[in-house]
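In what follows, chain A forms one complex with chain B and a second complex with chain C.
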Partner chain A sequence: MSATVTYIRTYLAQAVIIVGCLAMLIGYFLVSPEAGRVADELNIWNMNVGTFTLFVGIITIFMRYGRSIINRDPNWLFHLYCLVVIALWVPFGTLTGVYSDLYQTLYLNTKITLHITIIGEMIFFCVSAMYRTFRIKSFRTFVLAFLAALMIVFNAPWLTTPFPQVGDAAYWLLNNPQMAAARAMVICGGIGGIILGIRILLGLEKGALRITGG
Partner chain B sequence: MTSIELTVVEQIIRAGRTFQLTFMVIMGILAFLAYRLAKRGREWKIKPLEAIEMLTEGVGRAAEMGRPILYLPGISGLSSAQTMAGLTVFGEVCQKAAEIGVTTHLVTSGTDVVAACEAIVRQVYTTIGKPELYQPGKYVKWYGADQFVYAIGAAGHILLDKPAFVVQCGYFLSDVIVAGETASRVGAMQVGGTADQSGLPLMGICCDSLLIGEEIYAASASITGDKLATATLAGEDWVKAILLLLMIVGVLAWAAGSKDIWSLMGM
Partner chain C sequence: MAKIPELKSQYIWLVALILFLIPAVNPLGAPFAMSDVTVKIYDLMQSLPEKSIVVMGGASVFAFDIESSPGMIACLKQMAARHLRLVTFPLGTEAAQYHKFCIDAARVDQKYGGPWKYGVDYVLLPYTPGGSAALISFLKSVEATVTLDINGVPINQLPLMRDFHSYKDIAVWMCPHWGFIDIIRYATGECGVISVSFAQSAAYATFSPYMMAYPGKVYMTNGYVGGAQYERLVGIKGLGHKVVDSYSLISVLIPALIILGNITMIVRMKEEEVEAKE
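So, the complex of A and B:
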């Protein structure tokens, strides 16, 4: 890889990230209309780049699935179906508008129907997971199963009426240990995220920076 | 005089954000200080996490069984810090696997993640000196952008491919149970990691080991054992110690009837 390309992919990308971070931070923390305008502009660019990556994704999918169809790879028919559907929906949505009655009717009768079917399948996964949860093998799994059972009872009104203590216990669990643990997770997660950002900016995080690494 | 100084500060820093800014600067300084100390030869030891050790174990298991690894970075795009953390772990797992001839597949829901992961995989094979093994579209799969379309796609992939090791690290919601349960049925070892509170309990049911909350951000540094990256984790622990101290002092002060810490935080 030539030095110029390496320079663009590594150092220029890092420079853009640093400038972007600084502009966003200044806009958020300091009273500066100029910085605010820069931050707003960067947000618009962020949306533009996001939209562009959608095109990159679609091009990638077309290239990959196209190759799969030509080579008659396993499941190539599904890939063909996917490409045909994308090829039909994009011009259709562009021409009629995504809020047109025709588009909405087709959308609701295809995508939403399939979506509901998938969510319906979740029941089987939930039952399977529940079996796993209630298979008590150690003290830890006993605690998990007991608390899960408590929360199930809490969510069933016909059981909380004769056993109101369950509701009190569930509320105590949600408002005390759960709340404390959740807040600890959020606070530490925030710190961890910022430190990860610092590592990325320092070039220490090799995993993600392989994207820009020469 | 104090009121004039406050007015000057308020003119520069947005109201209620002084503490946040100060704390972020302190955080940056501490992380950089730990990094500089490590550069001068100071070594930091971190307690090994079970899930991190299982990542290495899982790669070995896949090699022994002659089956691939599946990596799931979740349902969010590159704008999510959790996805970025997931990708840093993906880079390390992919490299460890590629070095011993194990294939790592990745199923994602974000089209931007597809492009980034393709770049990561290509770079991994270039790094280990086998660029000819990289084929676009062979390792990174996209079945749909919708949460459950992605989950069902991942489940279908698991049933077809029967991976020996499944890693779910990133932002997940209830979709985690679809891929997780399917992976259990094919007997895959599973490691999960997320900072999302609604996805974590479901992961706890399916996975053999978990990276909880901030552990996903520290995972890649722990896997590589890189001294400089590990040093920033020490800086992170200093920050947490300061916060803990502040919380204890704040609670005691509140109990004593003082709202100074509360006001200091701009609440």
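So, the complex of A and C:
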């Protein structure tokens, strides 16, 4: 990569991020019609960029999978299948409308049904994992297994119906001890997001801006 | 000492499959308790004045959001019966298809014999990219964010959209998606709109701090059981009721397997001790 391209990729991306971030912050914290208008305009830009990324996704898939098919890489047949399906669905959606009853019926009976099946298979792995994973070898594994079993049993309708207090206990566990840990994670995530934002603004998060070409 | 044979995954899967098939073939009608939060959501929707505008919006993956659909479909039936109005605002590519699926499944449109007329009682907006930026823009100004409905009709030609301009016109925001946090942050936190999610069970545990942080403003039902509870309140038996049967059976199997797994481990450890002594 030439030095000029690297320079542009580095500093132009940083400049865009800084301008966008400051504009959003000013629009958020300051009651200023001008700042608000800039923030609104950037919001619309954001949506437009979001739309553009869908095209980038399709172009990228065609480039990568096209190369794989030409070179007969491993799994090239799956890549070919993927490109054929995209090539069929895109014009089909464009012609009939992606919200038409016909498109909806086909979408539900192909992609969605398969996806639900894949997710549904997880329950079989989970059930099998319960037998193998929750083995009490130490105090920590006891706590883990006990609480997992407790939450499953306490949420089970066959127990909460004759003993509603059990259901109340389950919600108490969810809304107090569990929530304390969840809240800690949410706060840590928020602080992490702020730090990440500052690092990006300061140019320290190099990978995110592709300065390293990664 | 008799050896306990290795329990192969396939055997466990077979037992789980049989337990799933039993209620599918012959529904058990397993009982389940009602939750206070579910009742509060129902009462909230009942208390809204006629013609109130409810938004169904958010983003996630259709296949995951199926867990939210029993409660959402039941709620749509309730909304139609109460003469409330609905605008959908999908923030994910699959959310648009999911919203249409829920409305079709609720059979509330006039073409299914329901009371709702498109454009007057409900409007489907197309997918809007941009995530939280799009959400903020939508809350500030609907017209500035979306210009056409899913059929390509300008929204200013739809009677319902003439009454809907910003967050000030939203009575409740329903989010039958995993992506509930953005809705809470911006619709509830910033604009004060009441938000409701027919949350997936894993989402409920994750998002419960937000429900506690906004008492009386954020409500969530819990998984398929929450959906079944809402179905019961509305007076229908849908997917939620069916899944409760399977859930009841599997919730017996899982603790049994945990106990069995530990018995197996203890027996093996003793066998190894005996072998080591010999």
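The rule is simple: the second predicted complex is superposed on the first by the 188 of 214 C-alpha atoms of A that agree within 3 Å, B and C clash if a C-alpha of one lies under 4 Å from a C-alpha of the other, contacts with A are read in each partner's own complex, and residues count from 1 in each chain.
Just so we're on the same page, a contact is a pair of C-beta atoms (placed from the backbone, for glycine too) under 8 Å apart; a residue touches a chain by one contact, two chains touch by 3 or more.
This is a predicted model, so every value here is computed, not measured.
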May I ask you to decide whether A:S128 touches chain B, chain C, both, or neither, giving the answer as first, second, both or neither?
-> both
Check whether A:L202 is in contact with chain B, with chain C, with both or with neither, and answer first, second, both or neither.
-> first
Scan A:L54 for contacts with chain B and chain C and give back first, second, both or neither.
-> both
Determine, under the contact definition given at the top, whether A:I44 touches first (chain B), second (chain C), both, or neither.
-> second
Determine, under the contact definition given at the top, whether A:H115 touches first (chain B), second (chain C), both, or neither.
-> both
Considering only touches as defined above, state whether A:G189 meets chain B (first), chain C (second), both or neither.
-> first
Intersection of chain A interface sets (partners chain B, chain C) | 46, 50, 53-54, 115, 118-119, 128, 132, 182, 186
Mind listing the chain A positions that touch chain B in their complex?
-> 25, 28-31, 46, 50, 53-54, 56-58, 60-61, 63-64, 67-68, 74, 111, 114-115, 118-119, 121-122, 125-126, 128-129, 132-133, 144, 182, 184-189, 191-200, 202, 204-208, 210-211, 213
So, in the complex, the side of chain A touching chain C is made of residues 40, 42-44, 46-47, 49-51, 53-54, 97-99, 104, 107-108, 112, 115-116, 118-119, 123-124, 127-128, 130-132, 134-137, 145, 148-149, 152-153, 155-158, 160-161, 164, 167, 171, 174-175, 178-179, 182-183, 186
Parts of chain C lying in touch with chain A, wherever the complex brings them together = 7, 9, 12-13, 16-17, 30-33, 35, 61-64, 66, 93, 96-97, 100-101, 104, 124, 126, 128-131, 133-134, 136-137, 140-141, 144-145, 150-151, 201, 204-206, 208-209, 212, 222, 225, 244, 247-248, 250-255, 257-258, 260-262, 265
Using the touch rule from the top, collect the residues of chain B that touch chain A in their complex.
-> 10-14, 17, 20-21, 24, 27-28, 31-32, 35, 77-79, 81, 84-85, 87-92, 110-112, 114-116, 118-120, 123-124, 127, 136-137, 142, 146, 148-149, 151-152, 160, 174, 177-178, 180-182, 184, 195, 197, 200, 202, 204-206, 212-218, 220-221, 224, 226, 228-229, 232-233, 235-236, 239-240, 243
